[in-house]
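What follows is subunit A paired twice: with subunit B in the first complex and subunit C in the second.
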Partner chain A sequence: MKTDVISRRDRSLLGPAAVSAAILLVAILLPSFVGTYQIQLVTYGLIAAIAALGFNLLLGYTGLLSFGHSAYFGIGAYTVAFVVQYLGPHSMEFYLLVGIPVVAVMSALFGYICVRHTRIFFGILTLALSQVVYSLALKLYWVTGGSDGLRIPRPTLVLGLLSFSGAHGFQQFITSYYYYVLAIFVVAIIFMWVIVHSPFGKALQAIRDNEVRARFLGLRIRRFRWISFLISGTFTGLAGILWVPLNGLTTPDVLYWTFSGEIVFTTLLGGFRNFTGPIVGGIVFTYLRTYAVATTEYWQLLLGAVLVALVLLLPTGIVGALSKAGQRLSERKR
Partner chain B sequence: MILLKTVNLRKQFGETRACDGIDFLVNKGEFLSLVGSNGAGKTTLVNLISAHLQPDSGQILLEDRDITFTTVTERIKAGIARSFQIVNLFDGLSVFDNVALSIFSREGKAVKMASLAERDREVRREALEVLGQFGLTGKTGVPAGGLAQGERKLLDVAVAYALRPRLLFLDEPTSGVSTHEKAQIMDTVSSVVRRGMVTAVVIEHDMDVVFRYSDRIVMMHEGTFLADGTPDEIRANKDVASILLGAPLTS
Partner chain C sequence: MGEAVAILTIQILNSLLYCSVLFLIAAGLSLIFGVMRIVNLAHGSLYAVGAYVTAWLVGRGIALGVPLGWLFLLVPVGALSVALIGIVIEPLLLRPFYRRAEEYQLLVTFGLFQILEDMMRLIWGGTPLSADTLMDALPIMRIGGLFYPAYNLVVIAIGAVAAVVLWAVIYHTKFGVLLRATSQDRRMASALGLNVGLVYVLAFAIGCFMAGLGGAIVVPTQAAVLGMGVDALIIAFVVVVIGGLGSLKGALVGAVVVSFVRTAGIQFFPELELAVLYLIAALVLLVRPTGLFGTA
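Entry: the complex of A and B
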């Protein structure tokens, strides 16, 4: 009886909400079933998902392919490293407090330059700027540690309430950090979901579909692209901030263009035409790469083969293919 | 009362004079058709007035305000909207979202990112009302890319109309559809536009349609105005007849 009161629009959200709640429950219970190593991998996966989610606001929703998102991930990571080096407090909240504004400002700055162009020119500009940041990290070795990078000790969590030292420090840190990242991940997803369903998000999709018409609705195209870039870069930067305490070290590798390629790959793997695509992509790619590296020394070849197969067989990614299969199944039932 | 006026408007592409000193008047509330063979300069004129192109010289006045050098956004704010010859929709968005976005943009709400688009009751009500006027009520949830051609043409007009313009330019609203559908589309468009007190300038090739729906007809030929008058006057005009017979009017 009660469902009659709920409007049809709300009911259409009920299914996804139930699925999300179930997945979240599994995620919360996960550390009681699997070991530290798996938890660590899943944490890496969640971080990759945040990075790809941000990247996909540009690719999937705004129609701009950035080949330089390593820059924002790396700037996030290096900002944390500099905070450790020069400011002192080993608190995760402090890292976030300093790191997020820094990546936001850098994204705004780089975005301002990049959104003057679209298509391949946009891609090349993002790539060029990220390579500038990469070479700075490599050459200014007295600040950045050069190719050796910078070490980051385990931070305290929740305003210093949780600190990790002693014999079981590592395991405790991984479990606590997993929950920490999971909480931020959930907030990030909700944040992004609201953005893409807001008037602003619809305007981005309109610009993606038809720039000329969008202009003749009175939308200021460049400004929308710029704000989209800013949010996108900041999300990927947040992933960099979260990644570095887990990894314990940041090197210029995370600024190199191949890492931008990994973010693109991750998103394509999950599917860039879906909201959930980058999330699935982030988790799957992390596992795929980890097991590829463990199995063969030709792991790059293996990933390359997966990429080729993906483009040829699953152009809409894992989520795209699954939802298409689901649709077919429900049509057959009728 | 004059709504729009152009003074000696010129635009040249290489050697071609697409608009060769056009003095164009649009009266408030009229349904005006712009006719002429391909390459007569009709679309160029609309492009100049809607700021899609900049004129080489001349002036554009909206109620005596000089808008010659204003941007697209400023002209939309001033009340000039347009549709395009080839259907220009947001194919990935639903029919509802296509129209809602016009309203969000008009109301300055398109920058809002902390609330869900479909939860805005006022915009929702207005979008559904506009879609109803254009006979698209049953299609609101369908992606615009999945509509039939006739419906796409209607939605294209609806998107421009939802900006609530004072002056609406429609570039061949019935091209690419069957003769039967042409009449349906024009019936809908002209009745909505007249009821909404919107001044409309329509580029159209089908003379049956033009004679039936227009208050006034302006004929262009090689960048200049050849004739200007009521449907009856145009029908009686010998120059028009010779152009119409001399140059086959295909879309």
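Entry: the complex of A and C
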């Protein structure tokens, strides 16, 4: 009886696992087919996907809309910049080693304050706190470089085994960094998948769907939300840490509230009611934004129109709409 | 009068000037939230539109040789044009979202914000648009040994009058009763035969008018620039968070607190001035989530 249940569960996992493996294979082979520029774009997309994945733990699974996730992304980015500035070593592993605990602590601190509220007040509180960080980054220019930001040189990867200089340094760095980010991305996805399918993840969804019932079941709601916030902020912070060596520069723009809006946009684009939505959203949004910026000076207008149309016509996002269409198709077949 | 007293007087007047503009923006934001339960992220951009339209109209007026006195009439025209935009936006973009989750309402106004910001860039370009002819048309006063433009006093007066008129409309007219009834219970108001759709359009238009008026009266003292709406929105957020979302009294008290703290901040701790404001907002939210005067 018990083995039967497990085997059924195994079978239901078989399809998605096969698809993921195929996508991963394509991703690994990608650099041999496309140029450096495309690889760079995909890397940006993977980073945006990590940020949105973290954000969606709060929005999709916990039911809290944060309008201040730029803070954790920016704290991650600025932590790396400070490490370069004051500690010296140009090693990516060192950045991660310092950066992740810093964003985790900051997310825990801000989260502790923010989860006292829900709904619109939660959103405004997260926004206000992110603006505190933004204005500090802007005004304390002797530490942060003000609106000019801070430069970050190319780091070495894999404990200093790979370093990039010379004529082809840039291309080599982009390709290696793509694999580096891809590896972290895969680990992050697995980690997040385990979280949302664990009893903890189920508890978050129960709280999201019916707070009163969840409380009657004895769940400590505020603590669950706090831990969810902590994980969410850390993921987005990790994206910030990975983003900054690729961008080579961090400015207060990544801390501004409109950047938080872009993270929300990314997640919604893919769809926040399912696990893969933010991943698709991260990659699609990166391409959408890059091509909007390339084609028109008024790219923000274009993005705004897309966002309004999206919310009006496709509220479940790309993945939501696709899976609905797929369902309809399979029903017709039957 | 000593130098110090004169400087203090001017600083207080500057705070009141800032306060009056802030109140107009924040009261509109608060009114829209109070009645429609929508946090309008495009509100700051509407304020900027008011400034741009007024500055543009004044510029056209000067070019066409309109007498100086008549140019002042363009200020309310600028504000009314923003109200018109509101009348178009509400049924078109916001009405489909009242029954949907808050996330979608926030997102649609964020999309609107992006559209409006770039529309201004598209129409008026990157160069600042000034209407300082209006300020120069009024005399310069002497306070102690220092000069102060009389136009600033006009702005303060307009802010004060707007506060009184808004209060009178909301608490002493039939329309105000309808507004408050809708805000308290939309379904009950609708069941009693009230045209809720119309109330929503009017409330949104009034909110937009206030934002537009804020922009229109401020533009003679400082040129309209890109990005002015983004900054205004965030400060207006601080105001309504301190005072309480949806409360008129709250918007007034919040505007006073923010404008005086900011003026003092620029004087004494310029690096931390903005951070202190956001921290005050965060603190108020922690202690009293509904703000000092909020009930929501």
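Assume the second predicted complex is superposed on the first by the 328 of 334 C-alpha atoms of A that agree within 3 Å, B and C clash if a C-alpha of one lies under 4 Å from a C-alpha of the other, contacts with A are read in each partner's own complex, and residues count from 1 in each chain.
Rule of thumb we're sticking to: a residue touches a chain if its C-beta (ideal position, glycine included) is under 8 Å from a C-beta of that chain, and two chains touch if they have at least 3 such contacts.
Just so we're clear, the structure is a prediction, and the values are computed from it rather than from any experiment.
Following the overlay on subunit A, a side-by-side fit with no clash is recorded for the pair subunit B and subunit C.
When the two complexes are overlaid on their common chain A, residue A:109 makes contact with neither subunit B nor subunit C. By the touch criterion defined above, A:218 lies against subunit B but remains apart from subunit C after alignment on the C-alpha atoms of chain A. After overlaying the two complexes on the shared chain, residue contacts for A:128 are found with subunit C alone; subunit B is out of touch. Within the superposed three-chain model, A:159 lies out of touch with both subunit B and subunit C [touch as defined at top].
The superposition places the C-alpha centres of subunit B and subunit C at an angle of 80 degrees about the C-alpha centre of subunit A, rounded in steps of 10. More residues of subunit A lie in touch with C than with the remaining chain of the pair subunit B and subunit C. After overlaying the two complexes on the shared chain, residue contacts for A:19 are found with neither subunit B nor subunit C. The gap separating subunit B from subunit C in the superposed three-chain model is 15 Å, by closest C-alpha atoms. When the two complexes are laid over each other on chain A, subunit A has no residue in contact with both subunit B and subunit C.
Partner subunit A is touched in their complex by these residues of subunit B: 50, 52, 72-73, 76-77, 81-82, 84, 88-93, 97-98, 100-102, 104-106, 109-118, 120, 159-160, 163.
Interface of subunit C with subunit A (complex): residues 39, 41, 93, 96-97, 100, 102-104, 106-108, 110-119, 121-122, 230, 234, 237-238, 241, 245, 270-275, 278-279, 281-282, 285-286, 289.
On the side of subunit A, the complex with subunit B involves touching residues 9, 194-195, 197-203, 205-206, 208-210, 212-220, 224, 227. Taken in their complex, subunit A has these residues touching subunit C: 59, 65, 67, 113, 116-117, 119-121, 123-125, 127-129, 131-132, 135-136, 138-140, 257-258, 261, 264-265, 268, 297-301, 303-308, 311-312, 315.
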